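We just call them A, B, C and D in the order they show up, numbering each chain from 1.
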Amino acid sequence: MASMTHNVIIGNGSAGNGAAITLRERDPDCRITIITMSSLPFYNRYDLPRIFEGYDDWREILAHPPSYYDEQAITLRRHSQVTEVDSRTQTISFAHNEKMHYDRLLVCAGGRGYLPEQLSDYRHLMHGFGSYEAAISVYKALPKGGSAVILGGDMIGLDLGRTLVATGYRVVVLADEFTFWPHRIASDERADYLKALEHMGMEVSDETSPVSIEAGGKKEPAHRVVLEDGSGVVADVVLPFYGLVPLVEFMLRSGVDIERGLLVDPQLRTNNENIWAAGDVCQIWSDEEKAYRFFYGWSNVRAMGEVAARNMTGAAQAFMDTQDERLRIDEKGDIRSPYWEH
Amino acid sequence: MGNNDIQIAICGSAGDGTIAAGDILKRTMARCGYKVIAFDLYPAEIRGFGKCVARVRISTEQAYSLKHQSDVLISLNDSDAIAHVGEVRDFGAVIFEDSPVARVAEGAHISAHVRPAQIPYGLSQRQISERATGAARSRNIVVLGYLAGLYGLPADPFRDIIAAKFKTKAAAVGEGNLRAFDAGLQAGAAAFKLDDIALDPPIHGDKGARATMMTGNGAVERGCLDAGIDTFFGYPITPATTIMERLAREMPKTGGRMLQTEDEISAIGATLGAGYAGARAATATSGPGLALMVEMIGLGVMAEIPAVLFVSQRGGPSTGMPTKTEQSDLNLAVFGGSGDAQRIVLAPTNVEGCYRCAGKAFEMAECYQTPVIVLLDLYLSNRYETVIPPETMPFAPKAEQAPSAPSGDGRYRRFEIGENHTSRRAVPGQAGGMHTATGLEHDEFGRPSDQAQMHMRMSTKRHEKLKQALSHPDLTICKRFGDEGPVDVGILGWGSTFGEILETMFAAQAEGIRCAAMKVVMLSPLPVEQIARFLADCGEVLVPEMNYEGQFANLVSGALGRPLTRLNCLTGGPMEIETILEQVRALAKARTAA
Amino acid sequence: MPDRQKQARDANPDLPADHATQAYYSNDARDIGWLRENVPCQTACPAGTDIPAYIWAILEEKYGLSYEINREANVLPGILGRICSRPCEDVCRHGWPGNGEPVNICHLKRSASDLKHRGHRITESLYAPSGKRVAVVGAGPAGVAAAHDLSLLGHDVTIFEREHEAGGMLRYGIPEFRLPRDVLTIELHNALRLGVELLTGAAVGNGPGEIRLTDLQRDYDAVLLTTGSMEAIDLPLREETAERPDREIPGVEYGLEFLMELHRGEKKTVGRRVAVVGAGFTALDCARVARRLGAEEVTIHIRTTEEYIPVTKDEIFEAKREGVKIHGLRTPVRLVTDQTGGLCAVEFVQNRLGGWRDNGRRQAIAIDNSEFLEPCDTLLVAIGQRTLNDYLDVTLELDRWGSVSVDDSGMSSNEGIFAAGDYVKGPTTVIEAVGHGRQTALGIDTWLMGRQRRQQVVRIEPVSGPLRERSYDFIPSQEMPTAALRPRSKSLQHEVETGYDSAVAHEEAKRCYLCNLKYQIDVGNCIYCRACIEVAPRNCIKLIEGVEIKKDGTYGELIETNQWNEVGAIWIDNNECIRCGACFMVCPTKCISIERLDFVTQDM
Amino acid sequence: MNETPGPVYIEDTLEQIRGDGHLGYRSALLPTWCPGCGYFSVSEGVTKALNDLSIPGKDVVVVSGIGCASRFPFFMETYGFHTLHGRTLPVATGIKQANDALTVLAVGGDGDAFAIGAGHIPHAARRNVDITYLLLDNGIYGLTKGQASPTSAIGFVTQTTPYENRDEPLNPLMMLLAYHASWVGQAYAGRPHHLTQMIAEAIAHRGFSYLHVLSPCVTFDKTDKTYANLDLEVRDLPDDHDPSDRMAAMAEAAKADTPSLGLFFREERATLGDAMTEIAERASGNYPSS
């Protein structure tokens, strides 16, 4: 179906790019626009820990050379924040006061690290790890052989954790129900996994949670994480990893259904016929579980993008969970997570 | 990408402070000891909607022209800047307003045009400015701060230059702009640098203090002052006006007198009057003004009165393109006027040259008793280069004039025909020097005469005396660059275009083409022998110039009858090195083929 | 100005003009429409509070005046300043795209109350006694507001209150950590001290020892029913799953009753895991109280999603901060009991979102076979209240929702019996109750006196210059300081929000655009030089060829053009205008004027 | 604050503006003068005046020279001629000579008129060419970015007078009175209503009418002829001023520090066109011999 349809993709991650190239394959003539708040072309977030292995030039972690976008005739709108989507007039509003029309819209804005409300007062004392820029600033804040406290954990944080250990840093994990997010693990296995983390060289402290964070003095840039019992852990950087919450603020007035994420049917279409969603931003209706649920992991996310793209171009394919979600402990006694295998 | 040569382009609409921002940037960089070349494009409207572009090339080693690719583009107005995104190199930066006031049409925001390999940097220029100063006017200063913050350029030189720039205005204005700069600096330092742009410390850091940024017009002004100019008369006309403005500021300090007359006709008239009375006098204008002046120039030639005219060419004919550059007044400068009005015409090729030619023009006007035209163009008049002023005064002071001793019949021969065709000149007030200067043909005493042989002899005198100018002391009238001996391609050029020609020649040599270039500074009288010697070495000869037919090529081939390849551009902007280089390649290819 | 005053008076000879201030009055649809459209906060306020006026008063550090301006529209500013649902802030111009965060109007209202001079004296203009007697049944916000206005209007008012203290939902429904009781008591007292007789413990109804409505009809010229909407709606469990009535299961309580008993002083306890169903302030309050009573896991279960529940974001945030969790898209269908017969879990069914309900909420549609269990020890049901009518010995016509149907004046089918507040509208917000109470008071007055005595007109007063600076627009939204988690998490009294000090209040007040300032250009004197457009901070001054006029006679969109020969006027788009005054300062022919518009009520 | 706004219900205003038709004298081009420039006031005035006199645009020629003011014709829906610096009046005279029926407006700035073009003014005036010369005086060279002009005040600092202007400014009104201009008036851009009325009178006058318009340059003059200053300085001509009394007009014109607005001088006398007709008649022998 050749057309001059304007397919707009909000989000420049695995889902967005998977979708873009699929769209191009299926419709050589359509307009494709990818919108992102980032200033960089697409790179894989899961490559960010490699920065600690010395790959600190963003050009080394790009998924495609910049020329790729021209070759595929994909317009890349960077440093562009979407503030509102009007599904009635099919227009997108940007923070820079521009409006853009779309024929079909795919939202894959992904997720932002969740920060529990009771820690919100200490945001300024913690580091994020969601972008190249954030990762670099962690890299700069960590003196060689320095120490990092990982609050919660989650498989993104633990992936960073194991890289940090491997590159000679000290890592403390304050474990809680988020530690193995998004894995769902039985409560009786938990202890073994925590042990495995220690075996991998991380210090783990469980069943106590942070109540506040204190900034270090002039001399030592270290931060002190105060625990319920009044005791504390000192580290150069504090990294909260409490899983992801979908970035949906800009969709609030769009008329698209939202619970935590954008609610989509198995074909990844929202309740609006011209809007699809894919990746960490959407909750997909699952017929067997009779519930909306999230699917994580880069292979899932990419698959979602491709499925959405096919359905945007006339197909009616349901998304199938492709990701093995079991957490294991290998013969060496280390944790193996499918989310770590790229 | 080297860290010793970056070019920054600032683009906005008239009234956005584009030019001012570029000015502060280049002065600061020069102050730091970098080599800087800068050139601004601006529209005829004072405000309104015309496009302004300020380009500043900052390098640790001497450069000869702007690069055709910039490393950074700063947009003060997207609708103007979007067209220039293409000139930014890969992994270069585009800096823009990310919260515009007015609704932006789809695709009209510059972020829609930044290439994937370029790095977008958005900031709220207007709001940062309004926060710092209460008004949006200082956006241009904000972006400078941002630039400094982003690339870690030294902030204090910026602050000094900004303070100096606004010291004539109300104190609040200066302070406001410093606040705007610091606010921008903060934003820039906080921004995450993703491009690969960096600048090594300057090699000539030590000379930084003495090095100054000068435009061609600025250099003309210094030349005038160093040559001890006494009086100046002028009438505003783009792009020559700034010469008058600068002299207005400087001359009185040394007792000189600048008067803005009511038009060009009276300006040149007054200049001749003062010259007759023995002053070092000059005027400055552009093509249209020169057209008004040529009749007076004729009088100057006929009455053998020294006068200096600085003529900065712009797009013509008629009112033409007042703010665009062109080299199309060569004919008017060399030939303009009634009768055989031979005069001296010098065409410097860079800012340094403007300085030398300006000073020398006064020497020569005096020495050969004739109007001397120094021919610039807008590109040279307005482009900035770093210049390190000479430590010793390079110009001869005003020669003491005195009448020759009375000859046999006891009367002073003002126009005596001596062995070198020049006569002793007396100025009013000197005893025994009384005479009448006139536009009529005259005899040695200056008395009107229309006798055939008298006109013959006087014409010979007026032409022959100028030949000595070809060997005037310490003045480069033409110069050869590049490979010695026979070459495949020789580039012959004049005026502002020679910067690009030189960069082209280096590029061609780098590509293995045997290549040489010659600049010709003295257009009248023309250094025919030197040019002939150069042409003899060249397989092919290319003459690039910014006019339609090749006025200079005509001049040369008229004198030498040698076929030349012409390259003529009328874009209103400088020639692109690429354009010349293509021609050179083509000629070299044809050459080796043959 | 004179000619304009004259023109206005020619239109309405009976409108007075105020010569001291050059102010004049208009009831032209265009002026009224302008005010409604341009001052969104006041329009959104059910009580019609003149918000720009009271914020300007705070800017002038006249806190007492600010309090009085509030009090004119709503007799309980200190209370609403804490617990109002803030419809005004949702529409605040400062919150529009590109303008940043809305002004914290409600916090400022509280500041007016907190910061007014300790010895502040209330000013009220009293009408001559009318000799009429009015009985008000129920001392909740609607009743109190109505009683206050009626007494001002010269009537003798008696309030009959079932509980032992006045305040209704305010006292018995809202926890102290959100609304300190001293504030409540003082403002109620101030509202009623103008000779309103308050009879507490005086229930009106059919029961033994209860006062009959018919008696009131006999003894009073008019009766106003403001008994609210206090009857909890039953949890609609599935028939086949209901072993016994939920009220009989230990561990199951109804939210409002739970709170009322607590505030009557009874001792309440909850289990370790508490589930709350419901999506309103009551549900949120129950959850936060439960946390303070020692529950470890408190979860609010809502049928739709957070986005669509009618409570302020701050309340949600504070609740989460105190450890309350919120789960969306689920409806309880069955209660599971353990062998002891006590509650041990609630069975929910998964929902998906359906279409929009006419009240702007979303429908939740249950998904077949998606049931799941949620273990818990205590269930607090707060899914809403309904209105009871059967307690009266007079039958009143009801609307299809079972509420009393009233006409515009608030009178029921039964002459002389009026009704207002939640009793009529069903469970709404306090500010709506107050607004409706006042409106009905006017209705009663008109009926009693046989003519309308008050009318609302627009007061237009020229202002000499801009009252703001552009720099104000960059002041960040001032956060409401809150008590530290530790002390407050265990106490039911410790107030969570601690209020602005005068410096912060002043900063926040500066942020208000003062939308009731009207900038306009005298086109006859305009030279079209665009100097004003040059300095405009937004796209707020336009070259126009026309303006759309809506059917109701008010203005619509400006029609712009860039064709010089089409430009009829350069005109200020008051909807885009943020009242920064830049244009006023720069105009070479001084053709820009500023007027302040306010709604005022006048005698007729 | 001057006249306070009357009742403004915008749609009424717009209807009236559409109705009166002066917008028809504007071109479609938005003027490119700096926002706030006094010239806007003049162009608005001209359109209204032509409209009030109901002269069709096709019969009007606006002639200008070089300078900011000379952009004028581009924004008018009339015939226009944008000529060379200072050479406005000769061209206008030529046009008028070719066709007496045309309404010819010459527009120029102070530099264009009294510096480079000064030599032309006396002759256009004494011949009493039936044209209207609108002199837009901002006391500065705007297009060349701020140099002193013949009407710049003493002490005025510009790019070319960094040590303050020492040249006595011209008094154009006295010059024109001396040149025997047959209609001499003055108006101020900050008083749009009066300006419009004066333009109308000037055009209506039969003969060489000279209207001097005080018109601030908001970009290059922040200190001298600003709206703020002129608002305080301008006066109305005394009620008893007799516009037929040239010396009285001279006396009023001499009060340069408090410029008076209104009609200084008017006389009816034969225009160049009349002279031409008369000569033609005489040449053709139709002239009644006395």
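Of note:
Simple rule for what comes next: a contact is a pair of C-beta atoms (placed from the backbone, for glycine too) under 8 Å apart; a residue touches a chain by one contact, two chains touch by 3 or more.
Just so it is clear, the model here is predicted, and its values are computed rather than measured.
Using the average of C-alpha coordinates as each chain's centre, D ends up farthest from subunit A. Computed from the mean C-alpha positions, the centre of subunit A lies at a distance of 70 Å from the centre of subunit D. Each chain gets a centre from the mean of its Cα atoms; for subunit C and subunit D, those two points are 62 Å apart. Between the Cα centres of subunit A and subunit B there is a gap of 57 Å.
Averaged C-alpha coordinates put the centre of subunit A at 40 Å from the centre of subunit C. Chain contacts: subunit C has residues 98 touching two or more partner chains. Residue numbers of subunit D whose C-beta contacts span two or more other chains: 33, 35. Multi-chain contact residues of subunit B, defined as those touching 2 or more other chains: 99, 101-103. Under the contact rule stated at the top, the pairs of chains that touch are A-B, A-C, B-C, B-D, C-D. Taken in their complex, subunit A has these residues touching subunit B: 39-41, 58-59, 66-70, 75-80, 94-101, 133, 136. Interface residues of subunit C, counted against subunit A in their complex, comprise 97-98, 305, 307, 317, 320-321, 323, 328-329, 350, 352-353, 367-370, 372, 485. Across the interface of their complex, subunit B is touched by residues 32-35, 66, 68, 84-86, 115-116, 118, 141-145, 147-148, 150, 159-163, 219-220 of subunit D.
Interface residues of subunit B, counted against subunit C in their complex, comprise 99, 101-103, 127, 130-131, 134-136.
Those residues of subunit B that touch subunit A in the shared complex are 90-91, 97-109, 111-112, 114-117, 119-122, 192, 194.
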